[in-house]
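Written out below as structure tokens is the structure these notes cover.
Read from first to last, the chains carry the letters A, B, C and D; within each, the first residue is number 1.
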Amino acid sequence: MKFFSQPFRIKYSDTDQMGIVHHSNYLKYFENARISWLRSVGVSYKKIEDSGILMPVVSASVEFIYPLYFDDEINIEIILDELPRATLIFDYKIFNQNKKLVCTGNTKLAFLNSITMRPTRVPKNIYNLFSGSLE
Amino acid sequence: MKFFSQPFRIKYSDTDQMGIVHHSNYLKYFENARISWLRSVGVSYKKIEDSGILMPVVSASVEFIYPLYFDDEINIEIILDELPRATLIFDYKIFNQNKKLVCTGNTKLAFLNSITMRPTRVPKNIYNLFSGSLE
Amino acid sequence: MKFFSQPFRIKYSDTDQMGIVHHSNYLKYFENARISWLRSVGVSYKKIEDSGILMPVVSASVEFIYPLYFDDEINIEIILDELPRATLIFDYKIFNQNKKLVCTGNTKLAFLNSITMRPTRVPKNIYNLFSGSLE
Amino acid sequence: MKFFSQPFRIKYSDTDQMGIVHHSNYLKYFENARISWLRSVGVSYKKIEDSGILMPVVSASVEFIYPLYFDDEINIEIILDELPRATLIFDYKIFNQNKKLVCTGNTKLAFLNSITMRPTRVPKNIYNLFSGSLE
């Protein structure tokens, strides 16, 4: 059920003059982890968009527990909360190279038709793949 | 009590391939509004940092209600929830050029000593300025 | 012939841990100045894209002369080099609040058909507007 | 002499509404390749900064040959032009997953004392490591 995205190093350009990662970047880290998670269950987000479905973030929350620094190597744990209906909810935990929990968060995503920009059903094949990931 | 930051236009580089503003940028918009708010009550965030105090974001949450597009002109309403103790909580509302509410959110900030990176008291002169802003 | 974009303040999130603006942001400042310049000669870049033409940057160069800091107020001078043929070349100068020249640069842009992603002619009406701007 | 940084996938948040990577991100890709190159010759850029030396970019130029798309897997070739004196010059080539050359560029970096923000000599031990990399 839990998935860990491939560890990666914090980029210099993600820092700000506080000497730590700017807080807006954590939403990008969550997004990358989500796209990796999708890939791990056999879903290419690129292909989802090519098929006419967008998955925008409709809400997000983040707790910043401990700073991230340039060159830190981080792991992101990501969990899909439940089978998707109109929306998908993911929970995230970020750990640094010392296995310290530095951040928790969650995001809710919707499924939109890319032409009408209106909510759409979760495609059956995606639903099935997600369903498999929850077993 | 309510403060509206100066309206500004959405930058091209803030969009992503969905054709809308990438959700991570809203945290930057909140930050800019916060810094404008501080300036409006007589506080330069630059001078706060120069005096050895950092105000990192310790938690944030955002509801994305309606997309923002390139060239939209937005207004941000920002409210300080209560007088600062160890932390400061701000609430935000973003409106587009049609006065449509497109986003709500809040952030909690801490006061840190920039040398020790440990929590510190709110400086008296800042407390007083904030206090005046709540009257 | 010379155009100055509206002065603006450097955002906190544009800094990195060197305590100055990360160099990649200057290309965004150039882009914003370019879009303002277009607006000043009566061209909405948003409408250009809506009409099926993209104007990607095909080359860029930047000299970083002096650092930019958080809260600096900058002016960007932008000049269109010559009437557009297949490409457009703009020159830029960035000045800080002390009127110090902090950066020079230039960018070359192409005109692409947004469907075919192939080079396309400069639309007549845009050519005419640019032409007027050079007088 | 030539070094290839570890291939990586283009992030969703690096795209803009043209559907391709925003051009400002290439300077970040160059920076990441540079930091990887330093690591490969035994230099931690983090430690360089900790020792009181900054290496800001003083000029950059980029040719954008072909677009980069979300989920592309790219390789960056990086070459140090010559032994550092007051500055370091790197040349870059970016290739996509089809081995297509999509971008070339170069950056010049200076060595600054982080306290005085004035130019400083290349530290002997760094010079020696770079020297070894050119053999």
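Assume a contact is a pair of C-beta atoms (placed from the backbone, for glycine too) under 8 Å apart; a residue touches a chain by one contact, two chains touch by 3 or more.
On a predicted model such as this, the values are computed, not experimentally measured, just so you know.
If you take chain B and chain D together, the chains in touch with both are A, C.
In terms of the distance between Cα centroids, chain A is separated most widely from C.
If you compare A-C with C-D, the chain pair joined by more contacting C-beta pairs is C-D. Annotation: 24 Å between the Cα-based centres of chain C and chain D. The mean-CA centres of chain B and chain C are about 28 angstrom from one another, to the nearest whole unit. Between chain A and chain C, the centres computed from C-alpha atoms are 33 Å apart. Taken residue by residue, chain D touches two or more other chains at 12-13, 17-18, 20, 24, 28, 31, 70, whereas all remaining positions touch fewer.
Every residue of chain B that touches chain C in the complex is listed here, in rising order: 11-13, 28, 31-32, 35, 44-46, 70-71.
The part of chain C that touches chain D in the complex is made up of residues 17-18, 20, 23-25, 27-28, 31, 49, 54, 56-64, 67, 117. Listed in rising order, the residues of chain C touching chain A in the complex are 12-13, 15-20, 22, 24, 70.
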